[in-house]
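Shared between the two complexes below is chain A, which has chain B as its partner in the first and chain C in the second.
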Partner chain A sequence: MFSEQATPMAQGLLAPPSAEPPTFPRVPVSGYSDCSQPFQLGERSFSRQYAHIYAVRLSGMRPGLECRARSRWGNDIALRKLSELQAGEKCCVVGTLFKAMQLQPSILQEISEEHNLVPQPPLPKYIQPSDELILEDELQRIKLEGAIDVQRLVTGTILAVYGTEQDDGRFLVEDHCFADLPPPLPWNGPSSNRFVLLASGLGLGSVSGEALLSTQLLVDVVTGQLGAEGEQSCAAHITRVILAGNLLSQNTQSRDTINKAKYLTKKTQAASVEAVKMLDEILLQLCTSVPVDVMPGEFDPTNYTLPQQPLHRCMLPLASAYATLRLVTNPYQANLDGVRFLGTSGQNISDIFKYSSMDNYLEILEWTLLAGHISPTAPDTLGCYPFYKSDPFILTECPHVYFCGNAPHFQSKLLQGKEGQRVLLVTVPDFSVTQTACLINLRDLTCQPITFSSFGADSED
Partner chain B sequence: MTDELYLENIDEFVTDQNRVVTYKWLSYTLGVHVNQAKQMLYDYVERKRKENSGAQLHVTYLVAGNLLQNGYVCHKVAVVREDKVEAMKSKLSTISSVHVYSVQKALLKDSSPLYNTDYDIVKTNLQHCSKFSAIRCAAAVPRTPPDAPRAPGPTQGPRSPRDPDAAGVVNGHGPPAARAPPQQHKGIMGMFAAKAAAKAQDTPKETKAEAREAPGVSAASSKPPTKNTIMNNFFGKAAMNKLKASSVPEQPKEEKEVVKPSVAVAEPESSPNTVAEKPGKKTEPAGIQQKDKKSKTKRVDRSDDEEERDPENVKKKRKRIKQLQSDSSDEE
Partner chain C sequence: MEQPRRITDSFPRRRRGSRRPPGRLKDKKDKDKDEEKVQVKVRDCSRSPSQPPPDPALLEMLRRFDLSWEYGPCTGITRLQRWERAQELGLSPPGAIRDALLEHRDNPDVTYRWVWDGMGC
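And now, the complex of A and B:
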């Protein structure tokens, strides 16, 4: 793994100073291309309705799903639109799922005066046994029941259901299928060890400072200051660092200016200003030594709706002087040394977590890959830009590394597909909580967590 | 014997100044490679303990290695106190690094002094924070000015702190800064680009080369009140003649060159070439600020050169430690 070959020289620095210590050159970037153009929005106009995004999503995924349905249930099945359904006929329908949830926060209910409701506090999960699934296509909708897991699925998923329409107007589902893994990409990965460091949730600007030394240790390992010679030479094989969101802590989001009186807050500075300065210094240290891609996250100073646009360069004056800093969108897609990376800062996964019975972030990540869409719950419960020409979150090619940031734990899995796809699924943990980052070896698509620790007032090990 | 100097230095830091001496702090202070700093700290601890076993010395170590955790082989990097080193080493299945992290007189309750020491020393050395590191990245070069977007109006922000080296120059440039700081920086960037171009064998832009010599010459020879007319003849034969007959010393030439880009602030749309060509518009007091800037650019040049020569001159630097000791607030 990462520094196995460093073991012989592990204690080499426990010695008097020797002659000229070696410096290792960073492995050069051999192939990098940014494929996030679909996620970069130029001029934005919010004057359109969100219905268009569902229409393009359905029309974009329908061909693939019809293919999948035919291969699964036979070439001669009847593919019907909802308006063509006949009672009692076994057929297959492709449409968008809508889950009617009682607990789903609704702005209309909140502002309705006749209910006199206090807005409900945020819950970890909004699922209830009484939730119902409804399938919609371009013109009609129909309630679903039968062999379909209501709790597990979320609004916005495109799927194909096979069954019959009942007399009472509901559709009895016998089987259903998703878009499954997208077609594979050719593999051009490196032949020697090349590592990419994935970290997320640095959480700068938080009140507690425990994670600060761990962040410094992370920077020191990557820049080759920490460790004995063997470890430093292994660290020289780290070709890239990707910071997957939440560089700032949630604490920087509280705005006293809204709650407090003006005379109390006039001279105060937003908490994010200090945090961004700290971020700039950390990024400067990294950028002088390794290419860094910075993705924005939920608490970072950029737009709220997906796809989040890159942080502006003016906030990072010291670091953006270096060509090694790349400020990128969330979600982010790129070819690194012939390996296709695709990932988000975790908002899509955590939103599905809230509205589905699935508990495991890795399971949800895998499910989004099999459902063929990065973020099905957008725009229903997750803010999204009103696309109308095409939905950029539809997965058209299978990435080699698919990650999500700000997960509660580190998990990884290598998924093998029927058509030869090989995907490494990684849930990158929140660094401010776990002090763990991930090292991905591009040569063999393996992933290893790297943990940092120091000693606190209570000396636990 | 000079090689033993570092021992006395470390002794002074630890015992007399009561500092927390981390390997990184020592590396920046003595100007040595990080690995040498780690070895120096180890050597110091060994010797001190050998000669005086009751010495009040506490050491923290860095232990790194592989560890099986939750079904994954996790790479763990930990800073531990001396008494916990063996325990940590036994927990790891393979050990990849052990070295001294810091030496201090008092026992540390938690790791925040370590963080603070490193933070402070890095903050004062932000310009060359990877200078003593064991990894060199060839791709980490500052962006060249033409890469930056040209519109000075809306994108004033990104331009201003673009070049950290120029920051010092800008700061010494108080009064005109109020006028148009980003264009000023663009001018200064243009100056740096000019200097870099001139440093290379053939300046592709011969106008720039001219601009270097000519304004200095012409400015030196012409009187300040009549500058406005002369500057228009920049490329003119007057300038060329003066170029040939250049008996003007280096000093004023450099001065004027430094002044000139800051002066050219008023031209928003001019390219760096033409920016360099209007020396006479300077309105700020000539003497002190020019000297400041000149010395600052000189210092910047020196540190740039130092960086290039660094790998082979580490030993040389060590010899200079004696002087470094005396004036500790040396490099900014």
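And now, the complex of A and C:
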């Protein structure tokens, strides 16, 4: 691992400087290809309704789910549409889930004048014991009850349920299944140690500058300006840095200037301008040394709906002069040295966190992989572009590394699938809060956190 | 029975002399040409003059294609886009519809991006 290679050469720090300073060439860039074309939108048209994306999601995932249903409950089960259901008959139905939640923020309730209600404040979780699950297919919908965890599931998931229709019109579920892991990709990983650094939530432009020292330490480690020859030789094995969203802090999003009078705000500058300048300088230091992929996040200056388009290069004049800077979409998919990476900046996971009883970000990440869809709650509670031809968030191939940014803690897990899939699940923590980034070794799919803590006012040394 | 009425009938599409460059009306030499052009426009109303008008049976077939639920929602996209999407999803839509759509590509009643109240494009 990273630190094990470093320790034997630690004595180099106390030795006199050598006549020829040693140089450590970074491992050459080999085998990078960007696979995020489905997430890049050309001309955008918002004159469509969201019915199309749900229709293509269902028809795109239906064949896979019917296969899974047959392999799980037998080849001779009856696969019915909701319109063909007969009361008392055991059958299997494939459809989209809808969770009717009482606490779900609804714009119609907010503007309803008869209620005269104050709009409810944002809650961490919107689940309630009285929530109900409804299964919808192309034409009809039916309420579900039985062996199905209502609190855990979210709207927009495509699943297959096995059970019977009751006399009162509800469907009694005996078992249900998801699309499960998508088919595996062939493994072409490198034979020597190659590391990729994943960091997210740099949070530039925040009121407190505590994380700035840690950010500078991160840049220094990657560019090889920190540590003895041991650490420098290890840093030379870092082939890429991926910044997974939230490069700017939430403070840059304040919009008080909109409500103030024009004469008060004439000379003020948006907080994000200064923050983007800082980001440009940090990226310049990184880009001179290592290829960097920059993904936008929730608070970054790009569009709000998923898939978020890359930041524009005019915002980063210094860093975009280098070809090593790649501004990419959110979600991001690429082949690095034969290893398929797929990840988001965390909006999909945090949205599911709000509407589900699952508490652990890694558990939610694993669940989205098993459900076969990156972000099932889009477009219901998470903004999404109105696709009509195909849903690009459906997982068709199993990535080797599946990550999400801006998680509260660092967690990682290696998932093994039945068809030989090996996926490394990584939740990249928020750097401005935890000062932790992740190093992924591409050779054996292991992951290690690296923390840059600086001495704060309350530490003892 | 007459042709079934549509919401778009209240907004008839007319192309009156939009191809004539402005300011040439005063030119006496071109007046005859302009008169001919105007006459041709009046006869053909909103269709391009080179193609014969699509017959009502074709329009009826296309409406049935719009309303069939197997191919997904029909609002907000052109019929050709919907046909191609159905083809890619493996729902095998009838090929005759695609031929008809490509044949009458210029006719807005045929290509038909079904809109609500004239919103959208």
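Keep in mind that, in the parts below, the second predicted complex is superposed on the first by the 457 of 461 C-alpha atoms of A that agree within 3 Å, B and C clash if a C-alpha of one lies under 4 Å from a C-alpha of the other, contacts with A are read in each partner's own complex, and residues count from 1 in each chain.
Throughout what follows, contacts are C-beta pairs under 8 Å (C-beta built on N, C-alpha and C of every residue); 3 or more make two chains touch, one makes a residue touch a chain.
Please read these numbers as outputs of a predicted model, since none were measured by experiment.
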Touched partner set for A:Pro186, first chain B, second chain C, both or neither: neither
Touching partner for A:Glu138 - first (chain B), second (chain C), both, neither: second
First, second, both or neither for A:Ala321, with chain B first and chain C second: first
Contact breadth on chain A, by residue count: chain C or chain B: B
Touched partner set for A:Pro129, first chain B, second chain C, both or neither: neither
Residues of chain A that lie at the interface with chain B and also at the interface with chain C: none
Contact set on chain A toward chain C in their complex: 45, 47-49, 51-52, 55-56, 59-60, 63, 138-139, 386, 388-390
Interfacial residue positions of chain B with respect to chain A in the complex: 3, 6, 23-24, 27, 33-36, 38-40, 42-43, 46, 60, 62, 64-66, 69-70, 72-81, 84, 87-88, 91, 94-100, 108-112, 114-115, 118-119, 122-123, 126, 128-130, 132-143, 147, 155, 157-158, 160-164, 311, 314-315
Chain B-touching residues of chain A, taken from the complex the two chains share: 1-4, 6-7, 10-11, 13-18, 20-26, 28-29, 209, 212-213, 216-217, 220-221, 223-236, 281, 284-285, 287-291, 313-314, 317-318, 320-324, 409-410, 412, 436, 439, 448-457, 459, 461
Touching residues (chain side chain C, partner chain A) in the complex: 69-70, 72-73, 75-77, 81, 84-85, 88-91, 115, 119-121
